Structure formats: structure tokens, C-alpha cells
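Quick heads-up: structures coming right below.
Each of the two complexes below includes subunit A, the first together with subunit B, the second together with subunit C.
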Partner chain A sequence: MTSLTIEDFNRCVEDIVNISDKLMDGWKLQQNEGLENGKYIVKKEQKVLPLEQEGSTNFLLIFEYHVAFNISYGVPVLCFNVWKQDGSILTIEQFWKANKKFKDSNMHDTLTQMDHPVLRRPFLTLHPCRTHEIMEPFLERSKNPVVSWLSVVGPFVHLNLTEEYVKICSS
Partner chain B sequence: MSSNLSYVQISSCVNPSFWNKLSELKLDVYKLDVSQQRIWGYYTVINSLSCPITVMEVDSTSFNREFSAHNHLLPFQGWILNTNTIEQFKECDKAELINSEGQKLYQKIKDGDVFENTSLLNTFFVLSFADLKRFHYYYWFAFPVPRHVVVEKVHECDLENVFSLEEVETLNSAYMNLNHCQKAYFIVKKRFGKVLEVHTVASVLKTITSEDIDDYYFAFHNISYDRCAVGSIFRNYIAFILYYCDFLQNRTANFISFNLSRVGSQITCKKSIVYKLKLPTKTKDFYTSWVGWEKNERDKMGPKLANMKNTLDPSVIAENAVDLNLKLMKWNLLPSVDLEKIRKTKCLLLGAGTLGCSVARTLLGWGIREITFVDNSTVSFSNPVRQSLFTYQDSVDMKPKSKAAADNLKNIFPGVNSVGHQMTIPMPGHSVGESMLEQTKQSVEKLTQLIKEHDVIFLLLDSRESRWLPTLIASVENKILINAALGFDSYLVMRHGIHNKNYANEAARHPEGYKVIPGNNLACYFCCDVTAPGDSLKGRTLDQQCTVTRPGVSQIAGALAVELSISVLQHKHGVFAPAYYTTSQTVPTQELTVSDDSVLGLVPHSIRGFLSSFEHILPATEKYKNCVACSDLIIKEYKEKQMEFLLNVFNSSKHLEDVALLTELFKETDFGEVLEFSDEDFST
Partner chain C sequence: MSEDTEVQEATNSLQSLNIRTESVDSGSDPEHTKQKVDILLKPTGNAPIMKKKKWTVDSDKKIGWIIEFVKKYLKLESNEKLFLYVNQTFAPSPDQIVKNLYDCYSTEGKLVLHYCKTQAWG
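Here is the complex of A and B:
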């Protein structure tokens, strides 16, 4: 495999959902009929994080993660939206302030706002231009390159995969 | 030692899609109907490691007829009352509302509906008002529970201390097999020496007697992370149990506070707690007095406000997306670019033709929000293919160009404040008769006013004469003026100097072979002959040929005009930014770097482009002391005599030559040897 096809991607995310169902981990498969890359997976998680602009008090935030396939880059993208309890969505600047993991690296290059590959609405997105670079070593070695990639990049945006997912990459 | 059981309320959490769906339904389905609508909420059954609060979420699926089940979610069933006005929202009686909600639940307990679906005990209510114009949502959640339920905690211990590991395992897997309607509340039966059994409430509750009560454990899914408390909705379970097991009043019974958590890849109920609780006596108002309104973020009993403008208003989404594009430029490529300055810049576009359309669109791209058009014609059938803001329909409707351009610009981007003025700019040599006198005066005043109100003036008109008055006024008002003119396959884009002489910035370091002209001392369109050297169309200026141009020329020149204006704005000296030029052919302009560049690079005086060779040159010229538009002679006369001077000029352009002392110059010199005349009315 030199690059990930849509079929590979679909198989990988279906595997993720199967494992998730067993673990009750919350990943759901969504499908937008009529689109070549219509399949994507979604998971919601709640977190408590400090939001700088509103004092240092902790806020309950809902993260909704999407993993979809970007056809022009030929890679999976991890995008997400974050909202407060009343439903108001964090801007990219608010998120940067709340996210300590990007402080030293150049987050403007890495985390940006892009249109969701399927829903075509703005989402915070890990920019796909470096994804192939990260995925390349996994394409040969991993049984599920999407999981391998996600386990590397996810933690930067508070998404952690349990070891059950990582296990299927090597089995 | 015994104490009373304490309660925590589940916390409401609204998915943005809930507001979106509510707005849709309000507009298309409910309209003015204020009857209560049934909705679903849900919560996650597995305790989260990252967030020690249980939230009940609502989203767009909340409005579905059936609960969209997922194996880790349990339902809440509720109602939404969306009022039509903020007054209704404020004035409706909250105590009465929650009591009537409680009554509904009591009815379901009495009728036995709860047996079929114990999750009915998890009930909620939303009072809301949606201000759809402002995308403001006022809302208040309630989780109705009976007011007087005081439960005494007689004894508590960990599940593992009561049941064997094997029994815990049985409980775990039996729970997983329960239908989601029965997972929130169920009953465990354990008789000494017998196997542990898990039952639905429906199958055993009515059979329990005061003799075998000790064999039963009333299990409930606990939403509290705090070991010392249970979810307030537990009170509904007590109300339900006491309704069917009257004998339990003032007696103790066993309860399991069921708790699912993740240990590695396993999901286990090990962390559950077993209680012995003493149930209360039913008071007279036990089933009639209800409470449960949620506190707001200030910890007060009161409604919340969700401002969803950024998320739901498409025009705001568009604005933010446009700004983000520019910010990416700032973040990645040009950290020192001042976007706020660009955003606040007001642009006046004189002419809404090919150039005006192209300039306006490029300005939008830079995040400019204030664009004013001035034009005197209407959209013709030949216009839309070249003039990118117009459509065929505009020509059918014969819309004034200024208005059509302003309207269509808003269609492209609603965040722009664009206005059109249908107006003819008074021109030298275009005599003003008695009947036109008043209108001409008004036009002069209006143009003067518009120039004063804007920061950057774009001269995009199709005749040379019409550029004269704005050139003069902008120079007097010290405004940045960008002029663009087209030839068949060539174009000129330039910035004008200003009248202000006070500012004298020293030339920055620059390579040898270059000359420098301070920004305020730059020539205007009328200072220099705009005819390109060696042009075969001798004596005709670019703009006079402009009706026949290669179609790309206006797009290129329009784009260059905007880019030049932005470079001026971003230069620390602004309109005073010096221009450098070379007289030698050996130093290519591309390699010219000077220490006071704009953050965007060079700020040339003029850009001449030739499509026949696809080349640009960047000449710079100083002001001409006898210029008919910007020289001191003209400005002095204009300042002294104002309208009188202008009317003289409108009536005869010869007057300009007199004031600029050109007439004298002609007498002294064989003018043809020095300069070429651009047309018979004008000589520069």
C-alpha cells in the first residue's frame, strides 16, 4: 500500500466502530449517501478544561470528533467541534487558549479550521497536509493505518484511544 | 450512624444541533403553536474518566418520534414548551408548570406505564424562547421530582462486600442484556443459598411482600459521581416503589446504586454501592408537590441564555470564515500585517464598470467591509460578461450600476456595507447651463463629502475628464488615491501624491542607481503623459481607447489597484510611502529591497503592464509644478474661489491652462518638442 484508498479507509473505520461497540466507547458510523467519501465516524466526549478568556475556571466542554476521508489529500482527517453546555461553539482561538498541548509547536500550521470533507461545514481540523507523512510508515506495517495514525495525532486534541484499538493494528 | 441521603441533579447540556432543529421546527411546523412537544434526552451510562459530571444531552435527534438508541446511552423523556414571546417565557408560572409536569409523571406511575418503560421516571422539561432574529435562545431545564422525599441512609457498603465475584459477574452480564427501557431501574433478587437473579421492575414489583422484602434489591442507575450522593431523579423511583409497595413506608429496604465504569477494556459494575435505606411516609402532598428547576451558571434559580449567533447565523459564519482566511495569512506568512487597519478602511469606488467590479471583489477578499460605488449609468446587455458583479437580469431591469453593484456585492458577502450613488461627476469643458447649475453644485458637494468620508479613493472612470475633480479634491483632502486606466492590451495603475508638504521622511537605505520620491510628492494622473512611449496611437490616452480592451486587462488592473492600495495601507508611512525607481537598465526592480518596505514589499508609484509582452514596468514621477489637477497653483485657486473656480473650469477647460500657467508656457516654448498633447482640451 502506498496510499490509503477510500475502501481501505472505510474498512478501517468500520473496524473501529466494531471494537467501539464492544467497548461501549461511543464511535458511530455515519453515511452520507451519494458521496464517494460519504462514510465517516463520530464520537462525543465530555471534558473539563479551563477557558482562559473567562477566568481560569473550568468549563464542561463537549467534544465531537469526526474521522472522515479527504479525497484531495487522499488521507483521513480528524476534525472536531467543541461546545459549552449551552451549545455555543468554541472559536479556534478559544480552543488554542484552552489547549496546552500545542503551546510550543506551531499550532497555526497544524490545527486550523476547514470544511468537513463530507458535511462541508467548518470544523477545527488537524491540517491534512502532513498526514501522509505520518501515515506512510503505517501503510505497510499496520493492519489498521487509520487507528495507528489516530493514536499518534489524537492526543494533541484530547482524543485518546484505548489499547484495544491499537491491538488490532498488529494482530 | 445514619444520615439522610443527599441528591445531586443531572446537568443539562445542549448540542448546537438542538437549537438548529428547534428553529427549523418553529418556523416550519410549530409556527405559533405553543403546545408542549415531546422530546428525548440521553446520558452516557459509563462513568467518564475525564469529566466527573453526568450530563443529560439534547440534540437534533431529540425531536425524533423514537429514541435513537445506542448501547452506551440511556434515555430521558421530556417535553419542551417553546413560547412565542420573551414575556410569555418570563411570565408563565414556573411552580405551576413543574407541578403539572409532576402530575403527568404521577399519572404514568398510577396507570402503570412506568412498568413497561422504567426510563419514564427519568423525565425532564424545557421552557424556552427562541429569538430567531438574533439567534438567542432563552431556556430553562427542569427535572421534576417530588418535593418531600427524605430517605434515611441506614447502612452502606461496596457491592463486592455483599455479593461474590461470581454474582457481580452475573449482575454485570444480566444488566447488559436488559432492554434500554429497563436499564435505568431494575430489581435484583438474592435469597440465601440461591442464584442471583436480575428482574425487570414490571415482573416482580407487585409480587414483593413485606415478608420477603429482604431478598430484594431495588437497583437504579446512579448518575452521581459523588459516592455520598445519588441523582435527584432517584426520588421518582421511591415515589414509584411506594405507590405499589405501600407497606414500605417508614421501613427499610435494600438498594443498589448501580455504577458502570471502565477498567481497562472491561466494563464493570464493581464500583456500585449497596444501601439499606429507610423510606419515608407519604405525606398528603407527596404526589402533588414537585420541584426540580435547574440552577443557571451563576448558581441561581433562573433561566440560561445561549447566544448561537456565531454558530447558527449563516452570515456570521461567512464573516468568520472570511476573516479566518485572512488570519491564516497573518499567522503563517505575514505576522506583522495589520488586518484590523484593512478591515476598518473605507473605500470609495468612482466608476462601477469593469474596473469597479474587479476592484470591489478583490477588496472583499482583503476583508474590506465598507465599499461605496459612484456611477452614472445603468447595466447594459454587454456589461455582465465583463463586469463581474452584474447579471443578465440586471441589464433587463436596467438597474443603475452603482446600485446593482452594491446589492450584488451584498449577495456575495452579506457582511459588507456597500452603498451605491447614481451620480455624474462634473467635468472640465462640459459646460453647465442655467438648468444644471444647482445639480452640478450638489454633485460637487456630494463628491467632496464622499471623498472626505472615505480613506481610499479608487479612480476607475472611463473618461479622462471625469478623473479631474476627484483628483483635485483627494489631493486637497490628503487621501490615498489609486487610479487605474486601461488600453487595449495595456494598463496603468498608479497612486497619486497629496497636497500636504509638511511630512518629509528621509529616504531609507536603498541600492545605488535608484532614485526616491517621497509619497506626498508623487505625480498625479494629470502630471504626466500617460501615453506610452512609441505608441502608434499618437496623442490618444489609454483611457480614450478603453472601450476596446482585452477582457483580462480590467481584471488584472483592478486586482493590481487593490494590491497597491493595501501595500500603501500597510506601509508605516501610509500615503507618504516613498517610491523608488531606477533609470539604469542594469538593476532589475525585482531585486530592489529597501529598508522601509511595506510588510508586503515595494510600494511603487505606478505599474504599467503590457499584455502583448506580458511585462510590467514600475516608473515613478515627481509632481509637475504646472499640473492642471494637483499643482499648488490650481489648489490655491480652488481653495480661494471654490465653486466659482470649478464652474469656470466646467465651462471651459482652457481656464485650467490659464491658472496652471500653461498658457504662458506654451507661448515661451515650442511645446510640441517637449511634451505631447493628450487631447485638444487638455495639455499637461
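Here is the complex of A and C:
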């Protein structure tokens, strides 16, 4: 396997949802029948993070993560939006300030507000153009390259996978 | 007079405390802090090779520490990203302790970690 096909991607995300169902981890499969890359998975999670611009007080935030397939790049993309409790959405700058994992990185090289590959609505997205480089080392070995890739990029945006997901990569 | 004795008592108890901590230190040292594990670092993708591949590290070091170490060794730019993979299948969390990974994934007494670098993200 030198690149991830849509069929591979669909199989991988279905595996993720199967595991998630057993763990009640919250990943849900969504589908837009009219599109070639119509399948994607969604997870909503609440987190408490300090937002700098409003003092250092902690805020309860709602994260909505989407994992979809980007046809142009031929790679999975991780996109997400974050809301505060009053329903207002976090801007890319606000999220950047609250995130300590990207020290030394340039914001616009890393995160972009891009159209969701299926929904065509703007989401904060980890830049897809280097994703292939990240995936290359494990594309042939991993039984689930989407999980392997999420284990690399997820922690940067507060998304952590439990061991149960990682296990299916090598079994 | 009574103040003097109090001071003396305090000093004594402090000394005994010191002696105790020292003995605790020397007692646990060989067992805990000195425990080391062998790791083997292999490049994948376009990552440059390291002249020395086999390293011995303290077992309580975090993966994040190894990532920083390899970045320094390879003299990467600060904006370049380095990722470590276990079994060439997943990236351990930077907070993970080397010993845990070694216990689960070592082969023939070594933990093999593949590393890959990218120029930033985008």
C-alpha cells in the first residue's frame, strides 16, 4: 500500500466506530450518499481548558472532531470546531493561544480554517499537505493506518486514543 | 539556657533526618534511578540516519525527552517535527514512560523506535 484509498479509509473508520461502540467512546459514523468520499466519523467531547484572553480561568469547552477523507490529497483529515458554553465558536487565534502543544510552530502553517471535505462548512483543520509524510512509515505495516495517524496528530489538538484502538494496528 | 538546648535538639533532629534521607537515597539508587533500557532508533521516510543507533536510556525517561534528544542530535530546525513510532504502527504519547513501552513492545532486549521528520505541518 503506497497510499490510502477511499475503500481503505472507509474500512478503517468503520473499525474505529466498532471499537468505540464497545467502549462507548462516542465516535459516530456519518454518511453523505451522494459523495464518493461521503463517509466520515464524528466525536463530541467536553474539555476544560484555560483561555488566556479572558484571564487564566478554566473554561468548559465542547470539541467536535471529524475525521474525513480529502480526495485531493488522498489522505485523512482531522478537523474540529470548539464552542464555549454560551454557544460562541472559538476562533483559530483563541484556540492557538489555549494550546501549548504547538510551541515553535507557526499558526498558519499548522492550522487552517478549511472547508470540511464532506460538509463544505469551515472547520479548524490540521494542514493535510504533510499528512502523507507522517503516514508513509506505517502505511504498509499498520492494520489500521487511520488509527496510527490519529495517534500521531490527535494529541496535538487534545484528542487522545485509548490503548484499545492502538491494539488493532498491529494485531 | 533552655533556648540553647532547644537549638541543640533541633540541630540533632535535623542531622538524624539528613542521615535518614541519605540512607534512603543510597538504598534505592541502584534499584530505581539506575535502571536502564536499550533502545534502537531507526529512520523512516526522509529522516536522516543517526551514526549511533543503539542507546541506553534511563527507564523513567519520557518519550518527549527522547524526541527532543533526537531533534538535537540530528540538529533539526525548531519548526521541524519529529515523530517516533512503535512497531511502525503508532506514535506513543510524549508523556509515556520508556519503561512501559519497553515492557510491552521490546524485542530481543531492545525497544525499536522508528523516527520520521516533516517540515512543519503545512
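Here, the second predicted complex is superposed on the first by the 170 of 171 C-alpha atoms of A that agree within 3 Å, B and C clash if a C-alpha of one lies under 4 Å from a C-alpha of the other, contacts with A are read in each partner's own complex, and residues count from 1 in each chain.
Following the convention adopted for this analysis, contacts are C-beta pairs under 8 Å (C-beta built on N, C-alpha and C of every residue); 3 or more make two chains touch, one makes a residue touch a chain.
Computed from a predicted model, the values in this text were never measured in an experiment.
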- [ ] Would you sort A:148 into first (subunit B), second (subunit C), both or neither based on which partner it touches?
- [x] second
Open item on the list: Is A:136 touching anything from subunit B or subunit C once the two structures are fitted on A? First, second, both or neither.
Closed with: second
TODO: Mind working out whether A:169 is in touch with subunit B, subunit C, both or neither, as first, second, both or neither?
DONE: second
Open item on the list: A:97 in the overlay: touching subunit B, subunit C, both, or neither? Say first, second, both or neither.
Closed with: neither
Task: First, second, both or neither for A:28, with subunit B first and subunit C second - done: first
Open item on the list: If we overlay the two complexes on their shared chain A, which of subunit B and subunit C does A:112 touch? Say first, second, both or neither.
Closed with: both
TODO: Report, in rising order, the residues of subunit A that make contact with subunit B in one complex and with subunit C in the other.
DONE: 108-109, 112
Open item on the list: For the complex, give me every residue of subunit A touching subunit B.
Closed with: 21, 23-26, 28, 44-48, 60, 62, 81, 83, 85-89, 91-92, 108-109, 112-113, 122, 158, 162-164
Open item on the list: Per the contact definition, I'd like the list of subunit A residues that touch subunit C in the complex.
Closed with: 104-106, 108-112, 126-127, 129-130, 133-134, 136-138, 141-143, 147-148, 151-152, 155, 160, 166, 169-170
- [ ] Using the touch definition up top, name the residues of subunit B that touch subunit A in the complex.
- [x] 11-16, 18-19, 44-46, 48, 50-53, 55, 57, 70-72, 137, 139, 262, 264-265, 267, 297, 304-308, 310-311, 317, 320-321, 324, 328, 331-332
TODO: Under the touch definition given earlier, write down the residues of subunit C that touch subunit A in their complex.
DONE: 44-46, 78-79, 83, 85, 87-94, 114, 116, 118-122
